[in-house]
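Notes follow once the structure below has been shown.
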Amino acid sequence: MSASPHPVSRFGHVELEDMPDDLRKRIEKITEKSGFVPNVFRALARRPAELRAFLDYHDALMDSDVGLSRAERELVVVATSGANNCTYCVVAHGAILRVRAKDAEIADRVATNPWGVELSPRERAIVDLALLVATDSASLTDAELDDARIAGLSEDEIWDVGAITALFAMSNRLAHLTALRPNPEFFLMGRLPRI
Amino acid sequence: MSASPHPVSRFGHVELEDMPDDLRKRIEKITEKSGFVPNVFRALARRPAELRAFLDYHDALMDSDVGLSRAERELVVVATSGANNCTYCVVAHGAILRVRAKDAEIADRVATNPWGVELSPRERAIVDLALLVATDSASLTDAELDDARIAGLSEDEIWDVGAITALFAMSNRLAHLTALRPNPEFFLMGRLPRI
Amino acid sequence: MSASPHPVSRFGHVELEDMPDDLRKRIEKITEKSGFVPNVFRALARRPAELRAFLDYHDALMDSDVGLSRAERELVVVATSGANNCTYCVVAHGAILRVRAKDAEIADRVATNPWGVELSPRERAIVDLALLVATDSASLTDAELDDARIAGLSEDEIWDVGAITALFAMSNRLAHLTALRPNPEFFLMGRLPRI
Amino acid sequence: MSASPHPVSRFGHVELEDMPDDLRKRIEKITEKSGFVPNVFRALARRPAELRAFLDYHDALMDSDVGLSRAERELVVVATSGANNCTYCVVAHGAILRVRAKDAEIADRVATNPWGVELSPRERAIVDLALLVATDSASLTDAELDDARIAGLSEDEIWDVGAITALFAMSNRLAHLTALRPNPEFFLMGRLPRI
Amino acid sequence: MSASPHPVSRFGHVELEDMPDDLRKRIEKITEKSGFVPNVFRALARRPAELRAFLDYHDALMDSDVGLSRAERELVVVATSGANNCTYCVVAHGAILRVRAKDAEIADRVATNPWGVELSPRERAIVDLALLVATDSASLTDAELDDARIAGLSEDEIWDVGAITALFAMSNRLAHLTALRPNPEFFLMGRLPRI
Amino acid sequence: MSASPHPVSRFGHVELEDMPDDLRKRIEKITEKSGFVPNVFRALARRPAELRAFLDYHDALMDSDVGLSRAERELVVVATSGANNCTYCVVAHGAILRVRAKDAEIADRVATNPWGVELSPRERAIVDLALLVATDSASLTDAELDDARIAGLSEDEIWDVGAITALFAMSNRLAHLTALRPNPEFFLMGRLPRI
């Protein structure tokens, strides 16, 4: 409710041209697709070694269509980031979820109420497991994994759901630590019908 | 993530033409402005007497510029509906907040993390009081009201913050009871620059 | 533990004779039955339009014997007001519950431990649904409504349980906002055998 | 809401005449004052050695006027038993609190909302310390004890508040374990002016 | 992470030779076995009558092999003291559990995550009931006791689980109240193979 | 309480000789120091790309003496893993903390009650910030960072505390997902005086 410019993060940020070569090239490739540099990279670049590990972890878990679909992977991110009240991840990955699921409403509905949102049985099993790992992983037992198995998830899909949730448990906390601000472009992405 | 049509509510709904005359006329006026019948009215019309009381309460608290501004009133609704994980109210009142605050980002940021979102001191005092009334009203003491007074809120503004929060404590629960679905129009409202 | 007089509410109150005519007449009718003006009306009369809507909502949901009995409606109020730690509603509606259920103990037992109190299966289903709507409505799914249906509740009875709970989610918060004090008469009402 | 007789406890009970001599004599003395055998003794008498230890602990902490007054000791019991939702202790010790504080309202107000009830600064310090020990003792630090000291509590009074809270942490759980039912006499005790 | 000496408790302590005769003799017997005076006795001796009742209660519940084995009794203590974050009881009773269960790892695993630790079905039923009584006893119903019965627990074993949990609900809070420090000897006890 | 062998993880594991060359060499170096292969590496090796990113992230944050000392870094891990009830991380990093802090008791005390354990003001500020990021990062504001600054932490030290907490938010969840079992060697490490 203020027109004043907001910083990328409370720890400042690094512009693309000031990043180490390998990181700059890697993030330029992402930028070519999206048209802008997602703020998370500009904020984490304060620590190049950590950003490299973050990107490697992210790519290993999110850039795959084996097992979980890409839309399902984003569903895990948006549901757990909503449960964790992480604005950056809800807005940025909500945008990606809208694009990948080709559904303009799904991200807002999942992020606001991941417990009650209507989903297919497979999606519900994915989200229920993710929410448990996100908010109360110590109580996870074989019984909950069996629920996921009954809904048809394979062992590797269960690993993916749990590991993506774990990665964004980290990512949500980094966003809160740095008061990371979503790029304005994310808010509208995937909301308008493609012409 | 499904193309199948979703019902307005799990208790069905009443179309405008089937409502009692007084309710139909009253809601038609709202529809003239918005261009569509908000689903909350179609769902609650199952019980005309309750819908009348709901509209009266809503108008008494939300259609006033004395004390709290209209944008501030919507800020209370979006912050507490976010804390209550109410999709209908976050999406519908998020749209109104975007319009009234002339800010395309504010609703998503407030709804996702009402505790951490950056606000002016007056807005922060409003939201903090609202969140306390929404989530732990039994522990409210004069000390918390003094915090609001120090931030400049008058006695009537404090009443407004508390009473709007209380009204949407009811409204959020009715939305959850009925599995109320936001109209598709709300999702995009206030996100595009007016031409 | 102090003999000093306590105010009706931290926002002051309006005596019956200073209320607008319609409200005064309406509350006088209630007073004829009870013998005193319940403090909630004196406190909310600061805002006549809000008090009118409150009374309308209350009458629509609480003054009916269709579906839920009047004792069952009060059971919902006392159980959820106990879970919300609302002294005014527990004391005032506890009194009404004692009278309607003709049971001197039920209110204290339900208000103190609504989760564990021994109830009939129908009452337990009513209270369980009410407690879920009161404390975690976002997680309500069809499964919980099915539990209520299996216990014999009709669709309209389910609506009543949910809507009464929602109304007192509002009412409890208004009582906490205003530090509303129960009239001394409520504490003893329904505790003595009628002679 | 049922006229059927309820058992004293879900583990049965022992009548006074079937107790070991020492326990019978000890409880007869209590009964002389109250006019009935409090159900807690009939339920715990299943295990005489445990009942003896319980009575010894109780007498050591509750039957003393050194430091905390007897009314203040009961205030700790009612506040923490309310926070723990223990019907037996709220009803039975609520009765004793009414008698000792000569206040017909205090028990219902403290038990329903121990956080928000209006109390003197000394009583508030006592209740705040008790609630912390009851619900989150692991986070207790010297800072909270200093708050109690500033309100005028001595080291021994602080010990008493903490130890009484601890004793009823046990007692509340035993009442819940056994589904202990308050004697009907407790509900009305201390509510009527003495003639 | 400091070499400075730490006090036994924040309320001081009483050395064995300064205790009343009966307590000194009683604790000397314990000391003969363990080789040192457990700090809990030195701290609680500030109040001899309370310490006597504490010892009596403890002996009645912990020094018996009827029903629950001694290792199972310690399992209840370590699981609930872990859930209550009580360092003294986790360290001291963890030591006893290691000795009684002849298992160098069990105490650390149970105390850190009593919900998820792998146990036999009987042990799991014991720990589940204990955790419910420790953290949410108000919601205990016959259904949970039936789960314990199905796992083979007798009525007296159920009482033991609940009563031991209740006793350590008190004990954990006393340890937190007094900032009770475990004796250094407890940390290593039962970790090394006996030669 | 069972002598049967337990698996490393519920998803199986990979022995050192079956890992990709780069991972095998990297982990062999760790093994040279510790004398055994920590189970976390054998479990995560199911996914070599994820294990590489995990190791990179870990080394970037944990193998540095700039700013936070190594003992302080382990203090963050043990405190937050305790709050998250993660047995693997408490046992394994508890061992490392004992070694680095040269303190046989610190790990058990911090892991069991990170809120109440006595620490130096600098350590308390580190642990308080870590616990907030671990359990409620959405509510983190500049006020909490200012508390850390007042205790003398630099911006980079604050980042380290937050980022280590975030990394172990991930790590704890992976351990729970896989039911990861600590190597027996960790339980005793650092408990005996070096001869």
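Some points to look at:
Just so it is clear, A, B, C, D, E and F label the chains in written order, and each chain counts residues from 1 on its own.
FYI, contacts are C-beta pairs under 8 Å (C-beta built on N, C-alpha and C of every residue); 3 or more make two chains touch, one makes a residue touch a chain.
Not measured: the values here are computed from a predicted model.
Where touching is counted per the definition, the chains common to chain A and chain C are B, E.
Chains that count as touching both chain D and chain E, per the definition above, are C, F.
Residue numbering at the chain C/chain D interface overlaps substantially, since over half of the positions present are found in both copies.
Centre-to-centre spacing of chain B and chain F amounts to 44 Å, using the average Cα coordinate of each chain.
Look at where the CA atoms of chain A average out and do the same for chain F: the two points lie 24 Å apart. Rounded to a whole number, the gap between the C-alpha centres of chain C and chain F is 51 angstrom.
Each of the following residues of chain E touches two or more other chains: 85-86, 113, 115-116, 138, 140, 176. Pairwise, the chains that touch each other are A-B, A-C, A-E, A-F, B-C, B-D, B-F, C-D, C-E, D-E, D-F, E-F.
Within the complex formed with chain A, the residues of chain C that make contact are 138-141. Of all the residues in chain B, the ones that touch chain A in their complex are 1-2, 6, 71, 75, 82, 85-87, 90-91, 101, 103-106, 108-109, 111-113, 115-120, 123, 176, 179, 182, 184, 187-188, 191-192.
Within the complex, the chain E residues that touch chain A are 113, 115-116.
Taken together, the chain E residues at the contact with chain D in this complex read 10-11, 46-47, 49-50, 52-54, 56-57, 59-61, 84-86, 133-134, 137-138, 140, 142, 145, 155, 159, 162-163, 165-167, 169-174, 176-177.
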